[in-house]
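In the two complexes that follow, chain A is the common piece, with chain B as its partner first and chain C second.
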Partner chain A sequence: MKLWRYPANWHLFRYDDRLLLICMAVVVGICAGLAAIALNRALVSVLGLLHHYRHLWWAFIMPAAGAALSSLFLEKIVNEGAGHGVPEVIYSVSRYGGLIRLRSSFSRLISSCLTIGSGGSAGPEAPVVMSGSAIGSNIARLFNLNDRQRVTLVGCGTAGAIGAIFNAPIAGMVFTMEVILGEWSAVNIIPIAIAAVTGTKVSRLLQGNNIAFSHREFQIALGDIAACVGLAICCAAVSIILTRSLRGMSRRVAVLRLPLWLKAAMGGAIVGLIGIGLPDVLGEGYHTIQHAITGDFRAGLLVATTVLAMKIVATAFTLGWGGSGGIFAPSLFIGSFVGLAYQRALTHLWPTVGWVEEGCFALLGMAGIISGILQAPLTGIFLIVEITGGYDVIVPLTIVAAVSSTACQYVEPASFYLKDLVDKGQLLRPGTDARVLADIRMGELLETDCIPVSPGMRLGEFIPILERSHRNLFPVEDGKNGRFLGIVHLDDVRPYLFKTPLYDAVVLGQLMQTQVETVGPDDDLIDVLDKMDALKKFSLPVVANQRFVGMISKATLLDRYRRELMVQTRTT
Partner chain B sequence: MTPKLFHIFRNTPLGRETLLQSLYFCRSIGCLPEIYIPESTRFLMYFENDVTQVDLDGSYLTAPSTSRGHAEALVLESGLKATYLTPKNYTAHGLPDIPTHYDYMCCPRSISDLSSKIGLGHIGPRVRRIVQAARFPVLITSPVFKAWNSITIFFGGSQNALNALRLGLRIARQSGKPLNMFTQIEKGDAETYRKAVADADLLSDWERYGAEWQFFEKGSLEENLYAVAHDALLVLGAYGHGLIKDIMFGSKMERIQSTLPNNLLIAGPKYTAVKG
Partner chain C sequence: MKLSIQQVADALDLPVETVERWVRQGRIPFQRQQDEIHFRLGVLERWAVQHKLPFHLTSERPDPKEICQPGSIHEALQRGGFYYDIEGSDTESVLQSAVRRLRDLELSTQNRTLLLARLLEREAMASTGVGKGVAIPHPRIPLEKAVPCPTICTFFLKHAAPYQAIDDKPVFILFLLLSPSTSAHLHCLSRLAFCVRDDAFVSFLRSRPAPETLLARVAAFEEQLDAPN
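Right after this comes the complex of A and B.
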């Protein structure tokens, strides 16, 4: 055994792995930070390279070509599906202890660079999350860490990547705990915080300590705070429209029988055509967001609303048709324009009221959309605070984020990232019933001490079996081929037990229950438990290939459940 | 519970041979086949500390409308009862998760590379990865169906070889077929290898089920492999060394599989041998 591959066995870490996780978090944070910087630099280069051609008539082809190349790269070279990847990370964390393929550590970086760099409406954050998480997962795999430690490192990768790309360590940490892991545990929080700080530090060292959107002082009055509630409702409505547009577009495109690259190219071409009239909607759109915040977006309310609507359309066409990228940056863009449009509408309606500048509402709108679409209010609050470098809008930010995410939850109970997983029953958050049951296998619960009997067995022959059995259920099997025929319950026999003259007259085939509900050895335990509850049964026979393999009882299941819950909730 | 063998069905003549081999293996040792008829060319297998994406070659999707019928006909002919796997979980659209709780898995030598499907070729990277990560042994079939009438274990004295010996003993017990052992002496003498078996508490089992233990002191491994019966199932441990050593000097398993066209049952480093 190579000792360096098993650091958890080193004397230093054997009894408490917190120091090990902190050391690993630094490594993962550095790698995730470098991945984020690589994508950032690559995007700047590609955008710079193509900038000179944007004014030409054929420029609309560029997003089409980028999306097609991105799709071809994912499908033909790295053999991965399209999409932003965050649900994949959440799925892997909730179901497989954070196991993620090594190729995911670079695949989305390249594909999203092609999509966004060419003008597709998407963001680089989700691909960076995928990359950072895959880095964390594969470092854990290299060092043979267990599931819990691996999940922590996946979180470290996410936090490091978000911290680096936004220069926002707290947002990285909060996003990881709120969205990716879905739990706040003392064991995870320290390494994840360290990874977030490390990733951010790497970014600052290599790119400078730049705030994404320069900070301005806003004088917020009580009326502005009251107006925030209305903005939050608008943000919730737009979040739901955005979520449904993206999902609806993906569903409709999925049924088209066309090559994936062609679909992506078609979506990209439509985005390119939109971009001819409204170039602001192309790419990640940070430059336009900056204009919205600083009040340099001079066009009127109608144009602002049109840009907002077209950004939603462009994002749906980019991501829904097979381009690669995330929804973080488009959400920020859309949020800033919701805020901007809202402030202008307020000014039109009540021109005498001295509303705070539209830049402030743009910031609040960004938090509202992030909180609404991700249903992660803390991420929305801390992200905006960090990327603008100021805490002076914290009160309205909190109101907008809280109201927006709550209102969204009423209409869409699951966030954009979780919707598919929830629909398929694949979201297994820590500490939940489904998660505990998912880690228990039917084989661990099988009770095989049942004595099988045959339908031709006389009652007299059965009595000695009854005497030595500890159970009150007896599977009846066909003597010739072993096929499961039914069950004899002690209650079925009890009326005849003291009627000795019937011992030679009654056979078990006359007493057995043939309409027996059974379960299979590969059935999910949550379904088995539901079946027991629905039938009001305490145990069910397990049958495979028409053969009885054992019994599963609620008592054994719940006993094992309790032990598994203790393992899963153990802190170290 | 009855042990299960996982088989990915390829609806081609080569796939038919592979399924016949799997069914023969199942009949011989009393296990049940679980057959997966793929709907896309890729799937994921989540092992304990690894995830492997298997990229099948396009031939696995040949004539999907006849796949199930072809597989069922072969299963019916064998007299076995097979189950057919329908994936429940998907990591991404078109990327199903295939369970890894099986007792055996059948693979051709390569499942993602058409060029080496007929000749012995090399063991493809995906099959290697499965062997390295799986807790179950992997049955790598001969290109054409051939019944095996004996079992030959390749024993080199390592921990993996001991696992292979345990596996071979189990197969011999379950199938009732004669068991032989092949050892190419590299260090010490025959007694060294006997002692390794005795130290692992397997000597009495070997004496009970084993027929012949062949030791080769002279000649290269490739030369001596001619002594292995043409109709033997070969059982061997794999990837006991590090990657660099294997690249530098070549893996013994690779040398055996590229010389002998027999069926191979490979126990990887994660294989959890059932003792006794």
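Right after this comes the complex of A and C.
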């Protein structure tokens, strides 16, 4: 055994793994930060390289080629599915203790670089999250850490990556807790905070401490704060449109019987065509967001609304048709234009009121869309505060984020990241019923103290067995091949129990129930419970390969369930 | 103190699979040494308290072997001893002289009085005369700490005495049954009843046999009972 691969055994970390997690968090934070910077730099250079060809008539081919290449790379080379990867990370965290393949640490970086660099409308954040989490997971695996520690390091990877790409450590931390892990615990929060800070520091060392969207201070009046509620409603509406169009597009495209790369290319070409008229919608669009915030986006309300609508369409075509990338940057873009359009509409309606500049509403809109689409209001608030470098908008920001996420929840109970998981019943947040049931295996609940009997056994022979048994159920097995034939219940025997003359006349084969519902040893507990409820049974026989292996009962389940819940959640 | 995974599973009263899963998921504190894992008692006890889990090491539990097993009644008969020529003309006087004669059991005067009171209380409910001249007096509630193991004291009466038995026949022998628990009591009672059901055995008892022959006869019955089927 190589000692260095088992740091949990070192004297320093033996009795408390918090220190171990903190040390690992630094390593994961650095790696995730580097991955984020790598994607950022690669994007800048690809965009720079292709910039010269943007004005040519065939430029619309570029997003098509980029998306097709990215799809081919994912499908043929690394054998991974398209999409942004965040639901996969969440599922792996809740179901497999955060196990993520090593290749995921770079696959999405390359594919999203191809998609976004060529002009596809998507964001680099989700791929970076996937990459950071994969790095965290694989570092945990290298050092033989257990599931709980691995999940923490996956969180560290996410926090480091988001911290680095936005230069926003708190947003990284909050996003991890709110979206990826779904729980706030002291054991997790410290390493994750440290990873977020480390990732951010790496990015500051390599890229300088740049505030992404710096701006002047805004003078916010009471009227502006009141107007925020309207903005929040608009944001919620746009979030729902965005969510639905993305999901609707994916569903429709999934039915098409075409090679994946061809679908991606077709989507990319449409985005490219939109880009000829409105080049602002191409790429991740940070440049345009900056213009919106600083008030340099001069075009009128109509153009702003068109850009907004087209960005939604372009994002749906990029991601829905098989391009690779996230929705974070498009959401920020869309949010800033919702804010911009809203402010212009307000000025139109009440020209005499001295509204705050449109840049402020753009910021609020960004928070509104992020909170709405991710249903993560804290992430929205902290991200905007950090990437714009000021707390002066915190009051309206909080209102917009809270109202928008609440309004979205009314219409779409699950957020964009979680919707697929919820639909498949795979959202297993810590401490929930679904999670506890998913963790307990059937093998742990098997009651094996039943005494098997054979169908040819006489009632007289059965009486001594009845005396010895603690149970009132007896599985009947074929004497020759051991196949499970049915169940003899005490209730079936009771009428004959005191009739001695029948002891030699009746055999168990006459008394047993043959129509017995059974479950398998690998069934999901949640399905088994559903079956019990549907049949109104308190216990069911477990049968594997036509052989009886034991009983499963609600009584044992309650006992184990309760202890599992006590272990999974701290009770003191 | 180091514990193995099996010991921990036993202490938590859970299957080993669950503890193994908790180890894998990092939910239970453990240490790894040369590919083997073990647990520290102190750490684990703190963890159990923190999560309010019941945790009892197997050795801490009362060893079932230490509590006397119900076992065979010929041993119980041996423990109780044999008393001949018990005086008395009715239930109460017979029991009085029987309890007075108890010498093999170390009973305090207080316990002796209590025992008599309990026996009479039981007789008042319904006679323990099971017929054929045999009575099995016993207290309804086991006498706590009076006897560590089931004990049967055999009393042969000087003269058969009326006892309100179910067949109204006078009783010539008493089996005083004392047990530490109800389950042991029922166990001995059912075995004793099995012996007494046999008419040959009852007439053998009427001959006031010596303790050794009586014990040998009971042992033979028990062999018959313990034989498979």
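Keep this in mind: the second predicted complex is superposed on the first by the 563 of 572 C-alpha atoms of A that agree within 3 Å, B and C clash if a C-alpha of one lies under 4 Å from a C-alpha of the other, contacts with A are read in each partner's own complex, and residues count from 1 in each chain.
As a working rule, a contact is a pair of C-beta atoms (placed from the backbone, for glycine too) under 8 Å apart; a residue touches a chain by one contact, two chains touch by 3 or more.
What you see is a predicted model; the values in this text were computed from it and never measured.
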{"item": "Chain C versus chain B on the shared chain A, clash or fit after superposition", "value": "fit"}
{"item": "Touching partner for A:103 - first (chain B), second (chain C), both, neither", "value": "first"}
{"item": "First (chain B), second (chain C), both or neither touched by A:47", "value": "neither"}
{"item": "Partner chain in contact with A:566 - chain B first, chain C second, else both or neither", "value": "second"}
{"item": "Touching partner for A:148 - first (chain B), second (chain C), both, neither", "value": "second"}
{"item": "Which of chain B and chain C A:441 touches, first, second, both or neither", "value": "both"}
{"item": "Touching partner for A:356 - first (chain B), second (chain C), both, neither", "value": "neither"}
{"item": "Which of chain B and chain C A:338 touches, first, second, both or neither", "value": "neither"}
{"item": "Nearest-approach distance, in Å, of chain C Cα atoms to those of chain B in the combined model", "value": "7"}
{"item": "Overlapping contact positions on chain A, where the chain C interface meets the chain B interface", "value": "441, 443"}
{"item": "Contact set on chain B toward chain A in their complex", "value": "1-2, 32, 42, 44, 46, 49-51, 53, 55, 81, 83, 88-95, 97, 99, 101, 242"}
{"item": "Touching residues (chain side chain A, partner chain C) in the complex", "value": "1, 6, 8-9, 14-15, 97, 145-149, 439-441, 443-444, 464, 560, 563, 566-568, 570-572"}
{"item": "Residues of chain C that touch chain A when the two form their complex", "value": "12, 14-15, 17-18, 21-28, 31-35, 43, 49-53, 229"}
{"item": "Residue ranges of chain A in contact with chain B within the complex", "value": "2, 79-81, 83, 88, 91-92, 95-96, 99-101, 103, 141, 144, 254, 424, 426, 441, 443, 446, 521-522, 524, 544-547, 549-550"}
